[in-house]
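Structures for review follow.
Look for chain A in each of the two complexes below; its partner is chain B in the first and chain C in the second.
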Partner chain A sequence: MALKWRHLFALLAVFGLFTATACGSDGGGGVSGGYKIGLVTDTGKVDDKSFNQSAWEGAEKGAADIPASATATYIETEESKDYGNNIQLFLDDGAKIIVTVGFGLGEATIEAAKANPDVMFIGVDQWQNEALPNLAGLMFPEANAGFMAGALAGMLTETNIVGAVLGTDLVPPVVFFKEGWENGARYTNPGVETISTYHPGGLDVAFGDPEWGATTSRQALDQGADVIFGAGGATGNGALIEVAGEAGALCVGVDQDQWFTVPEAHPCLVTSAMKLIDVGVSELIAQAYAGTMEGGNYFGEVGLAPFHDFDGVVTSEMRATLEEVMAGLEDGSINPMP
Partner chain B sequence: MSRSILRSVAVPLAAVILGLLIGAILIVSQNASPITAYSSLLQGGLGDGDALLRTLQKATPLIFGGLAVAFAFKAGLFNIGGQGQLLVGAVFAAAVGFGVDGLPMFIHLPAALIAGALAGAIWGGIAGALKATTGAHEVIVTIMLNFVGGNLTDWLSANPWKDNSGNNIVARTPLVEDSATIPTFGAIPVGFLLAVLTAAGCWMILERTTYGFEVRSVGQNRNAAHYAGIKVGWIMASTMAVAGMLAALGGAVESLGVDGRFEAGVNVGLGFEGITIALLARANPLGVIPAALLVGLMEAGASRMQFKAGVAPELIDVIQALILFFVAAPMIVRWLLRMRQGDSEQLRLGAGWGNS
Partner chain C sequence: MKTHQRRLLWIAATLLIVLIWTFYSANGPQTTAVLAGTVRAATLLALGAMCGMIGERSGVVNIGIEGQFLMSAFFAFTVTSITGSLFMGAMAGIATGLTMGWMLAAMAVGLKVDQIIAGTVLNIGALGLTSFFYDRSRSLGVSKYTNIDLGALADLPLVGTVFFSRPPITYLTMALLVIVHIALFRSVWGMRTRAIGEHPGAADTVGIDVLRLRYLNVTLAGGFAGLGGSYLALEAVGTFSRAMSGGRGFLALAVMIFGRRNPFGAYAAALFFGFTTALQNHFQLNSVFDIPPQFVGMLPFVVTIIVVALSGLMGSMRDPAALGQTYEKG
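Here is the complex of A and B:
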């Protein structure tokens, strides 16, 4: 009896290996010739429903849009110590454009850009202090996005209290979101009270703590807030999901249209303060291919996501005000962070 | 002799092969080729000088972390505090590394390493002393100290020891001075050599000294050791201090040899991997070296595997888990290999839980 089972197992293993060899020719090695575009994620996955995913969608679109037959491939970073190594894998492979996603890869990207002047680099969320000709930092006016979301919240709140549950204040974009949000709410509702809380932990935990996000948004709800902005990766998502369980309370997502990324938040999600990362990345890839990309900082677009189920809640007056706000932010007559 | 070595190696080796085979099946199910995947994994970990360097760099803290668990285990203690010990070691080594200048390397570098080691010894020693004096279970205390260590090092690197150069906003220390940087000879990081020497030292202490004998006696039967006149409390406290020191050295080498500084969040999870390594090595200090090399190789090659074969790097975690499963459940492997019972090097995972 024992013998039989052992044989079966051995057979299974051998079978596994053979199938393996058989599929070997077409399965792997997706990287071939042609124009190569590489993307290195931050310590996250390309399907993280957040900025890595947006950037990857942008890279795929960018590769499809340029005239040459281009292939885009990605490497997901497992450990932040590997940023440089992962960029190097694309360099060794002859990639022409390399997209690195996230603030954390900033230094590794600058180093690689200096060492490889012929390769174009796009750094998402990476502020460039000094412009390198072959490195564009894709930045977003988060304060504007926060301001628009806040302006809407100021009009929607019935208790005149709005809350924000945020990732860490160590990262400037989060601070910009928060300041914009508060100022936007005050712009449409001067008497509004704002309760904003940053995650107290370091960069390693601040964006990955949904429990803290939920508890903190619960506190804001208990203090009377009825519109809550969740901005900070999984931490913010935790806040949104908590608000979804509170009847009558509303929530606002961040970065992407979170209607699609956090379906649990449907009962409360009015809109999301979006950074159009995919549009920015594909636009920069097109520029890099055409040779018109300029080094330094490139500002992408921001905007509010559609209202989905809450289309009827946002009245035409509110929409008119939002349009004024948007126009004001664009022509500079409104300063989101005075 | 050779037969007993063969026996102790057979189960882990079979476990590795089984893990890789099942991994191959998983790769096939993702429509990728295991041959391409494993060969690119090997290439990414051993293919050239850079690859070898990466593997050795990854293996170094794993050796220290594995030793930290294995050493405590010999005294029947579960050191789950490797993460906290590693972090305090990393931050204090970095602090001496950047905070002092003008010293020659042969003083500065050892001083930085010792600072890290001492911090870890204190961190581990707290758990050991509490166990010895109050009976507080070391598993609970070390787990809690991981949180304390994580937050303490976050705070230290974000406040008093923060890097204020440029417009840095990240919680990290400045770069350590050159005189405190662990050098690399070609593809061989000196930190790795240090780790191997430390492993050999641990083996010597455990197998060839009176202290080691006392540690093992306490591990095998605390009451018998007590009646034999061994100071059980002192052995437990000091063993935990040594274990903490070992994990902390891993962190110190990361700060001084790999990262060049301490940065909050960069060493996340590194200290926990020691548990994996110690299990894989079956708590043998010398076995820790090949176990760490294997895991280090897989981690170093994972990016290349994804790049060349399109296999998600998490597969490495799955393979590691499978290997561990087969190591921890040696019955399955024995049955497959038709090995006989009576393998004296059984790793008893239950020891230490109930019998305090």
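Here is the complex of A and C:
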């Protein structure tokens, strides 16, 4: 069958062409040896430009700061049933510190920490009910970050409608962001209408669906919202980019300063509700290496990203109000989630 | 179509228009927002369904649409990012879709690999390659396709915003629906295509080159998925992210079956799926019901199961007879 062979060769040639023309590779693997740090992502990806990416940057920085030669590697979870297996892969490889990223990995991380008392675990967004000596849960007061962003949005909106396009309510930090955002908007603008949506899918898709994010964002704009908060990995990024195409509308990013991670959103990105995950992870890695890490919950910092191009839009009065809000959240006189 | 079916269709359409009009007079902006969201979510599904339909009408199952979307979106994004031209990117997306279609044809028609396996190869290959080569520091560099108003039509209430103020690939998709419908049911090519999907042996005896036409059609169909990929990266989202097709390639197959493998039926089905998404968002945005979003999220699938099961029971839905079978010239 000479014809069949010809088909086969042609196929292989095209496949090769695809591989060759797609340019720029970035594998996450490092060469084994030395002090090993492993990071397991949730079903989001390390290049999601927000949550997982921030944790991975923290792990890389943590590895670089350790005096001994340390390598950080990551595994991306494809399906939620693989959490335990992925952690086990790092344990088998002899990793000394394992970072698990996301609420979903909570149980698998606790199990692994109990079974491997010599390995230090860092669980991002994982609340610890009982403190294990070798497991630190890195928590953030997301509601505060959401509240500050919402407070700004409440002052910026002209239509008196602010929208939020969110990952899933199955993940508590997303809910905290949302509640904080809505309450913050009402704090500075009691007459504001808040319209918010969660992705209807499960954990496996909720943070990786930019098309839904964009469509939903457009629907909120069509209903009159003029400031939109996109919080949910690639899903949220889709929402931000959609707002960028609407003249006069503003958007607010999440987790990282998304000015640097989602340049497509520059026309609308006024700020981002940041969780300093990278800072928290690298600090905990340093502590774990030095043997000073304490089990239980460790609280990281949150804040608003710089206003970049919108520096002139945010007036000094607004800044003063934000200062007040920030102080109020700090001393507890403002409750972001009453 | 039988007379009573036609009558049923007219009644349903009238009811729908009355319903929409009632909602529109009750709350204009919200009704417009929901319907605009509906049309928007339907575009990608319609393109995927046309891709699947041309293949299946010729007897080749294509479950690789998801992979075709993803790979095309990747190249559309990358080429736009390099050249700074959305048009070049869209062309690259279509070219990628054609190439992926050709690969499916080479495997399923040329090498006579099982069609399901061939499609799966495309899906896995696309996910792997795009994930590996995606460079997160790359951005589109230009803003995505924006709405083009069709003159005075765009100023009409409701329909103006919903149908006549749309970005270019959406218009193109609507035009393609008409073209494909005419081509499938009114042209020599369409008749031959349907013949090789129903009875390739008979088609062969009257001189139609079955393998060649299947090759051509599956490749051509890939172009539709390629346009879908361009739509995803350049019009719907405005960037690329890994696995961004999110299962819509598979949903498109459901839409195709639901729409009885004809373009208008598929578009109606796609609009229906789009509507459930938009409605679900609407409920949440305006806190209409306090039920979990996941519950409303499964609505389209529940309705699909019911509709497909019902048509199955009534015997009104039939696959092309030679679907999924390789043809061996006898």
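Following the convention adopted for this analysis, the second predicted complex is superposed on the first by the 299 of 338 C-alpha atoms of A that agree within 3 Å, B and C clash if a C-alpha of one lies under 4 Å from a C-alpha of the other, contacts with A are read in each partner's own complex, and residues count from 1 in each chain.
The definition used in the following text is that a residue touches a chain if its C-beta (ideal position, glycine included) is under 8 Å from a C-beta of that chain, and two chains touch if they have at least 3 such contacts.
Everything numeric in this text was worked out from a predicted model, so none of it was measured.
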item: Which of chain B and chain C A:V171 touches, first, second, both or neither; value: first
item: Which of chain B and chain C A:G202 touches, first, second, both or neither; value: both
item: Which superposed partner A:A234 touches (first chain B, second chain C, both, neither); value: second
item: Broader residue contact with chain A after superposition on the shared chain, chain B or chain C; value: C
item: Touching partner for A:T73 - first (chain B), second (chain C), both, neither; value: first
item: Contacts of A:K61 with chain B and chain C, given as first, second, both or neither; value: neither
item: Partner chain in contact with A:K81 - chain B first, chain C second, else both or neither; value: first
item: Which of chain B and chain C A:H308 touches, first, second, both or neither; value: neither
item: Chain A residues contacted in one complex by chain B, in the other by chain C; value: 19, 23-25, 27, 170, 201-202, 205
item: Residues on chain B engaged by chain A in the complex (per definition of touch); value: 18, 21-22, 24-25, 27-28, 31-37, 50, 54, 151, 154, 157-158, 166-167, 169-171, 258-259, 264-266, 268, 299, 302-304, 306-313, 335-336, 338
item: Complex contacts: residues of chain A adjacent to chain B; value: 2, 6, 9, 13, 16-17, 19-21, 23-25, 27-31, 73, 75-82, 85-86, 88-90, 93, 129, 170-172, 201-205
item: Residue numbers on chain C that touch chain A, as the complex places them; value: 29-30, 32-34, 36-37, 40-41, 44, 71, 74-75, 78, 99, 102-103, 106-107, 110-111, 125, 129-136, 138-140, 143-144, 146, 161, 232, 236-239, 241-244, 246-248, 277-278, 280-282, 284-286, 292-294, 296-298
item: Contacting residues of chain A [partner chain C, same complex]; value: 3-4, 7-8, 10-11, 14-15, 18-19, 22-27, 45, 47-49, 53, 163, 168-170, 195-202, 205, 208-216, 218-220, 222-224, 234, 237-238, 241-242, 244-245, 261-264, 267
